[in-house]
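Residue numbering begins at 1 within each chain, and the chains themselves are lettered A, B, C and D in the order written.
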Amino acid sequence: KDRARLLITCNDQPGIVAKISKVLYEHGANIVQSDQYSTDPSGGTFFMRVEFELPDIERKKGELEKDFEPIGKELQMKWQFSYMNQLKRMAIFVSKQDHCLLDLLWRYQSGDFFCEIPLVISNHPDLREPVESLGIPYYYIPVNKDNKPEAEKQQLELLKKYNIDFVVLARYMQILSPDFIKHYRHRIINIHHSFLPAFVGARPYERAYERGVKIIGATSHYVTEDLDEGPIIEQGVKEVSHRYNVEDLKRVGRTIERDVLARAVQLHLEDRIIVHGNKTIVF
Amino acid sequence: KDRARLLITCNDQPGIVAKISKVLYEHGANIVQSDQYSTDPSGGTFFMRVEFELPDIERKKGELEKDFEPIGKELQMKWQFSYMNQLKRMAIFVSKQDHCLLDLLWRYQSGDFFCEIPLVISNHPDLREPVESLGIPYYYIPVNKDNKPEAEKQQLELLKKYNIDFVVLARYMQILSPDFIKHYRHRIINIHHSFLPAFVGARPYERAYERGVKIIGATSHYVTEDLDEGPIIEQGVKEVSHRYNVEDLKRVGRTIERDVLARAVQLHLEDRIIVHGNKTIVF
Amino acid sequence: KDRARLLITCNDQPGIVAKISKVLYEHGANIVQSDQYSTDPSGGTFFMRVEFELPDIERKKGELEKDFEPIGKELQMKWQFSYMNQLKRMAIFVSKQDHCLLDLLWRYQSGDFFCEIPLVISNHPDLREPVESLGIPYYYIPVNKDNKPEAEKQQLELLKKYNIDFVVLARYMQILSPDFIKHYRHRIINIHHSFLPAFVGARPYERAYERGVKIIGATSHYVTEDLDEGPIIEQGVKEVSHRYNVEDLKRVGRTIERDVLARAVQLHLEDRIIVHGNKTIVF
Amino acid sequence: KDRARLLITCNDQPGIVAKISKVLYEHGANIVQSDQYSTDPSGGTFFMRVEFELPDIERKKGELEKDFEPIGKELQMKWQFSYMNQLKRMAIFVSKQDHCLLDLLWRYQSGDFFCEIPLVISNHPDLREPVESLGIPYYYIPVNKDNKPEAEKQQLELLKKYNIDFVVLARYMQILSPDFIKHYRHRIINIHHSFLPAFVGARPYERAYERGVKIIGATSHYVTEDLDEGPIIEQGVKEVSHRYNVEDLKRVGRTIERDVLARAVQLHLEDRIIVHGNKTIVF
């Protein structure tokens, strides 16, 4: 596929679109989709996502990027090209619950996700079978209070060895250390089983039951040092009633969780998310 | 209408339904709708709502209630009959925002709500016109730090004078004192402009904006001494995106608020809510 | 589990609940949940679902059913007891698409569904692996214009041999003959990939795309002789936009289909559905 | 407000964005928001909506439009500038039901809608009061089989006299003639009280009840010569159950209708809709 995406963040100022679209046009690119957003037209921050087609892109992309650089510097941008013929490499971390993992694997296998899944890492041996049956290596790395730094070192080495672009925590029930997170800043996607910021932390379904809420939810977000406080990517909800006990909430919650996580992963794979402060722009 | 409702709470035990339905049957009542719920069949709490038709109910209800009493005492119930020919009397408290008030008035006028609205009380003079144009008295009682006890005294006297059954806070921006609440325990319905327990307290839309949530909501609940912590009756949500500024969130939120509040009021009017601990059973 | 359910349909008349609850009580049953509905209190049809616990049910159920019979005849009921220790036996029919099948299998395996799946029948060989890996027999029975009566004969023999209670069409792309349907009246659940009655028949996503709808949906219903016209059990929807091409609609649709079908199967497994005319009462 | 919007439709081809953004930039405009969509990057149709700020726009817009013309012609565009300081003029047609009318008036009055409402036309006298109390003229023009052409002539004269930009049918229960529609092509917004294409035509709630659907909806669309077949702008739905009789469906439906119609009007007011064939692009 001769298709690519360009993500841009800079201070808002007149002429940004004109300059960017001119350089793309001069290199023969056809803009297929373009979205932009500005926090404030006077003095705010400007965000843009451009998807374009460029015949013979593999040969031409070097020159395009080189010619783009002066504009990027002039407008003091942060920018990033990504190419659809370079599939993103996604690692999945999982514990014992299988619903998010199975859904991700199904979407991968059915062709919904354009990505590679070079490995799955788990702190439990339970889910080896569905992973290995797809030919994906499954690494069982137990984690406990004492070996955590060592376990994370192993995990990071595997991510490096497999050249991983981003990590998905598919109900991985361990808190990652700040040091780990630093290596994959805004590249670790978690699914939290509540409607954040409600029920931050442990046992959200139990607490939802106790509070007597009439709607439950799930939230996918990028992991930061502050537990469940990272930039929110996507949320989903479902109505419940007094008839739902904690087990019912968990059962209904599982289908929310897998859907919300899958949508977040899809958005990330399509380069539709820009993180700004502690929030996301989702194009 | 010869229709009535019976709400019951008691310890679960065999034979409750048989005993209740027998006495109703013997008095000539036809059960039109019946719902029940038990927190736990062995040793839990049992809740029931029965809606029945009883020809010539006005004449017969005295005897029915008298004959029901021994069963109620035997099963150690809390129970309550209510009759559809006795319209509930609802007072509305409002401040400056009109959307919830106008929606309640429209549903009242269009016949959706079977109730009377004998008065509206406000701490501002602004919304007098739409209220008085329907022939409903509008009482302007300013509230500030210094006169609050005096203002609540006036309010309570009005509620007593007008024989009010329950109070709806239609975006009333004052906190009621514990003393006031005690007079209308589980009979004051509030609409909070967030998806509780997220964003308890002031400025929820501003905080939702800062947190970058992708869904906003509103919650109706019975007012208790703990701010925004009372039993939840109904919740509603709507998807938003990074494009929504605080004003947009408030605009979208207004339509959620009025819908959620109206549904809660409807449930209360139809005697569909039983409060149990800090939760609601909604039949 | 000493739990059972009783489904009832009869003409509405005073005393039904009293009589039913009395006989249950006299046999030592404790009503755990009870729902009823009447199309019209005077002269309508009455529906009831009672879930009850009866210690030592396996031994006592014969006597209970015997003593219930006179009441059933007196009130001219249709009634049906079902017992939770007798798992329902569900056959799945599938073609090439795997999403509904996999979701049903996952819910079965994870314990969400209380049922047995004695076999899967398909007109294609493709999905053998995930079925057999759970130890469930997979019967590949090709169907074409010429062999259809023969194929259905084979299918019916298998259903009989395996003592099947009901059939789920998990995106089975063949129309069943009226003769086949007659054997499993209101016991064949289909998932149609549109929001019925919109887009009855073939190619609903293509037609939804052409019509430019802003919401798509899926519908589960009992199969009758009239294609896509049977009693609706459950529906689900999702917002879409002009950006969704037919493939996108199908992708989003798949997650609606599997959820809606799973909810319908769950309702059927819990004996929550009564068919009345061409509509369902869902308790 | 020095803000304007530009809507564009043309054949897709490289360089469109570059050329448009260049001319805007050269006239001092700052692009605030920009959306585009292409049915197919090679040989499809290209759509774009640009919102921009141009200081001193009132003075400069003549020159901008003049300089834009050669580009528009070169790319064989259909294009349209609209300016936020020229409020759109909206006429409302209504019959007897008030919920859509009242909601539109409330949004107008509360400042949610940037528009003018110079008049309301009705075939019934009933809703005069809430309209005139806002100082808006209310024209009562009875319509029956015999006088329809004459009535439409009167209506068209009023629309012309008041310089109306677009018409909203807020539950106006008359079918407009093709001749009338021709005068306001894609400028008449209707609300149909069903989830189109389900239940085209009369009595949709009655038919939804008979079909036993589990979700009802409403659809706003531009009016064309084919009844209920025009380009869909927006749809909304709500879950219902067997407990809802026709009156309940209508009651719930009213809140869907008013919300869906209000969202469609808002999109039209913000120039977010481009009609393409019988579908809408909604930015």
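The definition used in the following text is that a residue touches a chain if its C-beta (ideal position, glycine included) is under 8 Å from a C-beta of that chain, and two chains touch if they have at least 3 such contacts.
Treat the numbers as computed from the prediction; the structure is a model and nothing was measured.
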item	value
Same or different contact residues where chain D meets its copy chain C, judged by the half mark	same
Greatest separation from chain A - chain, by CA centre	B
Separation of chain C from chain D, taking each centre as the mean of its C-alpha atoms, in whole Å	42
Distance between the centres, which are taken as Cα means, of chain D and chain A, whole angstrom	37
Of all residues in chain D, the ones touching two or more other chains	37
Contact footprint of chain C on chain A as seen in their complex	98-99, 102, 106, 110, 112, 133, 251, 255, 259, 262
Of chain B, residues touching chain C in the complex	12-18, 21-22, 24-25, 28-38, 41, 53
Chain A residues touching chain B - in the complex, by the definition given at the top	37, 195-199, 211-215, 217, 231-237, 241-243, 278-282
